[in-house]
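Pasting a structure below so you can have a look.
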Amino acid sequence: MKNPYIAHPAIITNIRQETAETKTYTLEFTKQKRGLVFIPGQFNMISLLGFGEGPFSITSSPLRKEIFEHTIRLVGSLTGQINRLNVGDIVGIRGPYGSGWPVGLAKNKDLLIIAGGVGLAPLRGLIDMAIEQRNGFGEVEIMYGSRKPENLIFTSDYDNWRSAPNIRLFLTVDEVPKGIEWPYGQGVVTNLLKFSKINPANALAFICGPEIMMRFIVRSLLIREFAEKNIFVSMERRMECGMAKCGRCMIGPKYVCTDGPVFSYPEVKALPHNLLAASL
Amino acid sequence: MSVNLSVTLAGIKLKNPVMPASGTFGAGREFSEFFDVGRLGAIVAKTVTLKPREGNMPPRICETTSGMLNSIGLQNEGLEYFLKHDLPYMRKFKIPIIVNIAGNTLEEYAQICRDLKGIEGVSAIELNISCPNIKAGGIAFGASSRLAEQVTAAARYNTDLPLIVKLTPNVYNISKIARAVVSAGADAVSLINTLVGMSIDINTFKPQLANYTGGLSGPAIKPVAVRMVWEVAQTVNVPIIGIGGIMTAEDAIEFFLAGATAVAIGTANFINPTAMIDIINGIERFLSERGLTDIRQLVGKVRL
Amino acid sequence: MQAKILKTENLQAWLDKLASYGEVYAPVKGKDTSSFERVNAGVMPDFSIRTDVPPKGLIFRQAEKILAYTVGEDGLEIKRAGEEISNRIIFGIRPCDSRAFDILDAALLNPYASEYSYSVMRERTVLITLACNEPGQTCFCTTVDGSPAGKVGNVWIIDLGDRYYVEALSPSGEQVVMLGEGLFMDATEDDKLLVQHKERELFKAVSRFPAPTVGDLNRIFDDEDFWKRLADKCLSCGMCTFLCPTCHCYEIKDEGNPKSGDRYRIWDSCMFSNFTLAAGGHNPRVEHWKRLRQRMMHKFSYFIENSGVIGCVGCGRCIRSCPVAFDVREFLRDAALVCTATVGSIDGLLDRDRTA
């Protein structure tokens, strides 16, 4: 029987600074020349042997065969150590774990992608995939916001996204520091929904961000007559084993590491915590 | 058998797909002596800037083979005057009014949009992005997809009105610009604006225009415009207003076939004041002669 | 294999034979607490001890090395931790503790990934379950689908006074019974009838009370007052989780330095305040009543939803060890009553389908 805890060594081949505290790491397995087979929305457990392990979304498109990427923000001690890594350093990878965005259901549908803060990370792979397979999907609307312009992640990808046909990208921040030119929106991400032109009857909504943001977004989507089953969210909890055993990530009877992190809204509604209660 | 000429563009219903190109019609005062302006699909006003502009030094226009060069320089009385005098005048025609705006900074575009909020009679805003961007060292906003996207955004987040972006042809890849402005939330695109050109007087050895170069318009540019409309129609889903050298209904039909939902008439107005009325009638005749009942049966129907 | 009879005076001989098969663990009273410890041949354990500490840690070890790593010339090398597991026998485990391993199997050998070291230990360990002739004061196994005479484990034995009735329940059980060849006689029909009678008597000896169903618990989930009252005296000390034979929450910790070291799986407790603390500071169960609610819901509701069995065996250790005398039986009774208050009648509460 396989030991499920074995982490496979992977080498960092590139690091891109996204914001002051967030970097995107490009990784390749050292033992086999291959990337990772996964669905956007899934996560790996990244190990710094001797230090610890943590769950991180896979942020590259699954169509990139040789490499895979993680976008990691410095928040605590493990991410602090990761932040000090350089190109050429090796980490341990086990995964992929969890449920991904329902890409199969999204074929030929319009996609409404809504994110806040570092919540755009688990959606980036999906966006890149929709851009590369442009004919597989309908119109794509991306609505993304952060606290300030300097907190937006993946800014070097935006021009690439914008240059694909029928992609709309709307941005907003809570505050604009003096002296910064900002022609985009100001305010909560929910305000961007007014720009949506897609028909909810033929669209899926994918949402990731702080729970309070997701709650308001879901509410607005339901008012716009999005069907509950067409709304998907990515939940976050502290995870350790990734295999529904250590008990840490449970929300009600569900494990975020295996039943999630991507849940459909009806699944979230069935959980006992009223997490995204969008009472109308 | 009646023919339907009405189209919907970015949410605005037009009773026919013909309108003037900005800058060739003023506010319609001069032309209302020749025909009922209310018969047009929409009226597109001369470009408005935040502050009044004197424009360039004369000579500012000259004729070329099958066309003309102009370097007027966006002369206009400014937004305040426009709102006080031109807009109320245009409202009398009871047709959709598209306000064409320009600025030298992103903030100017944003400000004009904010000032137009809640103003009665304004049906849509058309962004003139051929202006040089002061902050970017004078590069026209429309010259790069990044700048075009930013200026569209500056307008988009400051208005709920339908937003049309007028694209300049003086770029390497107009489709990329079109995609960029659509990504920022443009509801429609209009193309093309004028092509940069020059004419030198071989007797005086001097350029004909005081500004040296100017924008070329008229029949000479029509093939370029048709090509660009066709290219852009392949790559974006938003409606297109075709502009460039349309003199007759036959010219207009080419644009519809290439993918335009509506057309704007510019230089032709200087030669024949009733050109637009003639074109409307001509389109109707073209359709009924072929047994077609709806202008939309032509849009994008070029056979490859 | 036929059921057997072992005369009481032959028990020591069988134990000694088992010691040649593998390591034998049996209830042992230590200085302060009783637990399952290794016993040597020639020693007769006191099987009347109901141990304070369950034998959970013999198979699901408290600290288990799960891999070893080194960073050498070739880069990072990760090796699974391997050690020879010898055969073991846990003799005299009670039906509750024995059944607890089936529950741990459901949690740790789940479809996503099997807990490797646990499954190896489990395979190599034979459970010889001893029926409880005298259930304890805090026992409530019959309320949670168990019985003091529950036939679980690999071998089932019941003390009939001057002899033991021995029944092998699995191939490995048969193997260890055969080790005692010559010491056993076949059980007679009278023996079997007597055993059946005892099974019934013992089942009745532990009084059952109505326990809430999954539906009931889901209904009171949002009743904050109920949970706050319940958790009022709880200290979040985590004692209950450590002594519970079915609790299995754990964390993963590295010991060593960046050049070499080991990775361990270590018991953790959902009752600890930082159990769900995420990097960045978000802690969905920072209030202790939420953690108590999670523990109760997990054992009596979520576990049933996910695995089809109740996550509690009714051993009562949590009741005995809790420093503030929290009694889970009171919780179950209160929860069931709160629900009948809303649902209607108490008739048939005992036999309701758990999953309703």
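Order as written gives the chain letters A, B and C; numbering starts at 1 within each chain.
Everything that follows uses one rule, which is that a residue touches a chain if its C-beta (ideal position, glycine included) is under 8 Å from a C-beta of that chain, and two chains touch if they have at least 3 such contacts.
Note that this is a predicted model, so its numbers are computed, not measured.
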Chain contact topology (line, ring, star, complete or other): line
Centre-most chain [mean C-alpha coordinates]: A
Contact-richer chain pair (by C-beta pairs counted) among A-C and A-B: A-C
Centroid spacing, where centroids are CA-atom means, of chain B and chain C in whole angstrom: 79
Distance from chain B to chain A - Cα centre to Cα centre, in angstrom: 41
Where chain A touches two or more other chains at once, by residue number: none
Interfacial residue positions of chain A with respect to chain B in the complex: 139, 159, 161-171, 181, 183-186, 194-195
Residues on chain C engaged by chain A in the complex (per definition of touch): 66-67, 69, 71, 75-78, 80-81, 107-108, 110, 112-117, 119-120, 218, 221-222, 248-254, 256-261, 263, 265, 268, 270, 275-280, 282, 284, 294, 297-298, 301-302, 305-306
Chain B to chain A touching residues, read off their complex: 106-107, 110, 135, 145-146, 149-151, 153-154, 156-157, 160, 176, 179-180, 182-185, 235-237
Contact footprint of chain C on chain A as seen in their complex: 1-9, 11, 30, 47-54, 75-79, 90, 92, 236-238, 240-241, 243-253, 258, 272-274
